[in-house]
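There are structures below to look over.
What follows is subunit A paired twice: with subunit B in the first complex and subunit C in the second.
Right after this comes the complex of A and B.
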C-alpha cells in the first residue's frame, strides 16, 4: 500500500512535469507546475519530512506560483506570439538538442545511481541504521527541527534570513516603477 | 519503508525535465520554472538522505534552506523579467541581445 501510494505520487509528479515541459501554453504549464509541486510534497511525506512538505506547499503554491502567474499576466504579449508562430517549430533544432542533453543527464545519473547502489549503502548510513538513529514514522519532527535551527544551525539560519531580507528588498527595488522624467 | 533508490530515481527524472525546460523553452518564466524543478529535485534528495540522520537532522534543515534560496531567486528573477519586458516588450531570451540601450 505504501509503495503503491509512493508510485502514485511519483507518477503524478513526473507526469505533470513531462506535460509541463511539452505544453506550448504558458498559463497551462504554470498550473501544471502547481500539480508537480503537490506531487513532490507528497513524496517528501514518504521520507518522513512532514514539515518540509507543508512548507513546500505554503512557500511554493502560496508564494512562488502566485508571483509567477502575476509576472506571466503582466507580460502576456509573449503568449500571443507563441501561439502565432508555434506550428513550424515542432521539429526545431534546439528542441532536439535539449532532448539530447536532458536524456544524457538522465542516463548519466541513472548509471551513477546504479553503480552507487551496487556498492551498498555508505558507511554513515549503515552505522545509523545499526544504532537505530533513523527517522521513524512515529517521530515528532517539528520540535526537533526547531531545536536544531536554534542551536546547531543557528549561523546558517541567521545568514539565510539576512539573505532573504536582502533579496526581497532588492526585488522590490528592481521592480518599482521608474519616475517619468523623459 | 521505501528504499532510497526510488527517491533518487524520481529526483533524477525531475532534474532532467528541468534541464529540458531550461534549454528548450523560449519564455523566461518557463526557464525559471525549470530552475525551480531542478531545485525541487535537489530538495527531494536532501530529504531522502536526511531520513538516515536523526542526530543532526541535516537533510530536512538544509531542504528548508534550499527552499528559501529558491524563493529568493524567484523573487529577484521575476523582478528582472518584468523590467526586461518593460524595456524590450518581449521575454524571449533569444531576442534580448543588447547590453546597452
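Right after this comes the complex of A and C.
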C-alpha cells in the first residue's frame, strides 16, 4: 500500500512537471504547478519530513504560487505571447540556464547513486543506524527542528531572516506612493 | 483489513455530517436573518420551514450542468472539487473527543493552516476558469483578503501554541481539562487540574489569549469570506463573486465548502481556545460536575455545542454588521490585528517563561 502510494506521488510529481513544461497555456501550467508541488509534498512525507511537506504546501502553494498567478494576470498580453511563442533556437539564454541546472542536478544524483555500492546502504547511513541516530514514524521531530535552528544553524537562520526583512522593506519602499510636492 | 474499512468509513461519516450541517446551517442562517430583521424567514415548506433547505438542495442537484463556452473547461470543473477537498481535508485533524479523531499527528495545526492556503488556490482557479470579469474580480478580492488575513490567523495560532507547547490538536485539547498531564493554572495562580471546567480553558489560563481569540475570530471570518468581510461575494457590486458562473451541483459544492469552512474555523477556535471537548462545568467540592460530564459522548456533545454556538455567532454578525470597504479591510488587518497579534506573541513568551514556569 505504502509502495503504491509512493509511486503514485512520484508519477504525479514527474508527470505533472513534464506536462507543465510542455503546455502552451500558461494559466493551466501555473495551476498544474500546484499538483507538482503537492506530489513533492507527498514524497517528503515518505521521508518522515512531515514538517517540510506541510511547509512546502503552505509557503509554495499559499504564497509563491499565488504570487506567480497574480504576476501572470498583471503582465500584459504581448509579453505573454512573446513567452508563449518565443524563440526556439538552441542558443536561447533560457535554454542554457535549463541545461546548466539539469546537468548540475544530474551530477548530484549520480554522486548519490554512486554511494549505494553493491553492499547496499551508503556508509553514512550504516553509521547512523549503528549509532541509533534515526527517527521513527511516530517521533515528534518539530521540537528537534526548532532546537537545531536556534543552535546549530542559527547563523544561516538569522541571515535568511535578515534577507527576508530586506526584501520586505524593499517591496514596501517600491510600493509606497511618493508624496506629491507640487 | 479493519484499518482500511475504518479509513473509508470515517471520511464518509464526516462527509455526511458536513452535508447535514451545511443544510441546517443554511436553515439557521435564514431563520436568524429573519429574527434579526424582525420577520419570519422560511415558513412554507415543512413545519416552520424546516424542510426548506432540503427542497433547495434537491432543486440544485436536479439542475442542468451549464458549462459556458468561453471558460477554461478543466479549471472551471476542477475548482469546486479542489475547494471542497481542501476544506474537507482539514477535518482529518480535528479532535471530537479525547483520542477520538481521524488522524492524531504531531503537526495537526500546521496541516490545517496549509489546507486553508490550498483553498485560496481553488478560489483563484474558479475565478480564472470562469472567464468572467465579475468572477475574476471576486476571486482577486478573495485572495487578497485571504492571504492578508492568514497572517493574523497564523500569529494568533502561534500565540496559543506557545502556551500549549505542541502542534498536536489532541494534546492541545487535553491540556485544557481535568485529564491534563501537566499542571494547569487559572490566570497563572490557581491550580485547576482537579477543578477543570471553564477555568481550565486556554483563554482563562492566560488572560491575553482572550484578545488572541478575538483576533482569531475576526480573522477567521475573513478567511471564510463571511460578512462583514464578504467583499469577494458582494452581490450588489460583483453579481456573485467567484461563483457567478457556477450552477447546479458545482454551486452546491462551493456552498457546501463555504459552510464547511465556517465549521472548520469555529471548531479550530474551540479546540485551541475554548477547551475543545472539555466540559465548561467545574468540580465544586463534592459536586463533581466536571467528572460527570466528561467522556466520549459528552466530548462529542461539547465539541458540537461549542462549535455550533460559534457558527451561530458568525451568522448573527453577518446579519448585524455592514460590509467593510476593501481599504478598511486591509487597514484592520495590517494596522490593527497584526500588531496586536505580535504583541500577544511577546506576552505569550513572557507568560510561558515567567508565569507558567
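To be clear about the criterion, the second predicted complex is superposed on the first by the 126 of 182 C-alpha atoms of A that agree within 3 Å, B and C clash if a C-alpha of one lies under 4 Å from a C-alpha of the other, contacts with A are read in each partner's own complex, and residues count from 1 in each chain.
Simple rule for what comes next: contacts are C-beta pairs under 8 Å (C-beta built on N, C-alpha and C of every residue); 3 or more make two chains touch, one makes a residue touch a chain.
These numbers come from a predicted model, not from an experiment.
K.L.:
Counting only touches as set out at the top, which of subunit B and subunit C does A:140 meet: first, second, both, neither?
P.N.:
In the superposed model, A:140 contacts subunit C only, not subunit B.
K.L.:
For A:105, decide between first (touching subunit B), second (touching subunit C), both and neither.
P.N.:
In the superposed model, A:105 contacts subunit B only, not subunit C.
K.L.:
May I ask you to decide whether A:150 touches subunit B, subunit C, both, or neither, giving the answer as first, second, both or neither?
P.N.:
Touch partners of A:150: none, neither subunit B nor subunit C.
K.L.:
Does the superposition put A:51 against subunit B (first), subunit C (second), both, or neither?
P.N.:
both
K.L.:
Would you sort A:169 into first (subunit B), second (subunit C), both or neither based on which partner it touches?
P.N.:
So A:169 meets neither subunit B nor subunit C here.
K.L.:
Hey, is it subunit B or subunit C that touches more of subunit A?
P.N.:
Partner with more touched residues of subunit A: B.
K.L.:
With the two complexes superposed on chain A, say which partner A:8 touches: subunit B (first), subunit C (second), both, or neither.
P.N.:
neither
K.L.:
Examine A:26 and indicate which partner it touches, taking first as subunit B and second as subunit C; both and neither are also allowed.
P.N.:
first
K.L.:
Which residues of subunit A are in contact with subunit B in one complex and with subunit C in the other?
P.N.:
51, 55, 63, 70, 141
K.L.:
If you look only at subunit C, which of its residues touch subunit A in the complex?
P.N.:
72, 74-75, 78, 105-107, 110-111, 113-118, 120-121, 124-125, 128, 136, 140, 143, 147, 150, 166-168
K.L.:
For the complex, give me every residue of subunit A touching subunit B.
P.N.:
Residue list for subunit A touching subunit B: 2-3, 6, 10, 13-14, 17-18, 20-21, 26, 29-30, 33, 36-37, 40, 43-44, 46-49, 51-52, 55-56, 59-60, 63-64, 67-68, 70-72, 74-75, 77-78, 81-82, 94-95, 97-99, 101-103, 105-106, 109-110, 113, 117, 121, 124-125, 128-129, 133-135, 139, 141, 144-145, 148-149, 152-153, 156, 160, 163-164, 167-168, 170-172, 174-175.
K.L.:
Note which residues of subunit A are touching subunit C in the complex, please.
P.N.:
Answer in residue numbers: 25, 27-28, 31, 34, 50-51, 54-55, 57-58, 61-63, 65-66, 69-70, 73, 140-142.
K.L.:
Where on subunit B is subunit A touching in the complex?
P.N.:
Contact set of subunit B toward subunit A: 1-2, 4-10, 12-21, 23-27, 29-30, 32-34, 36-37, 40, 43-44, 47-57, 59-61, 63-65, 67-76, 78-83, 85, 89-92.
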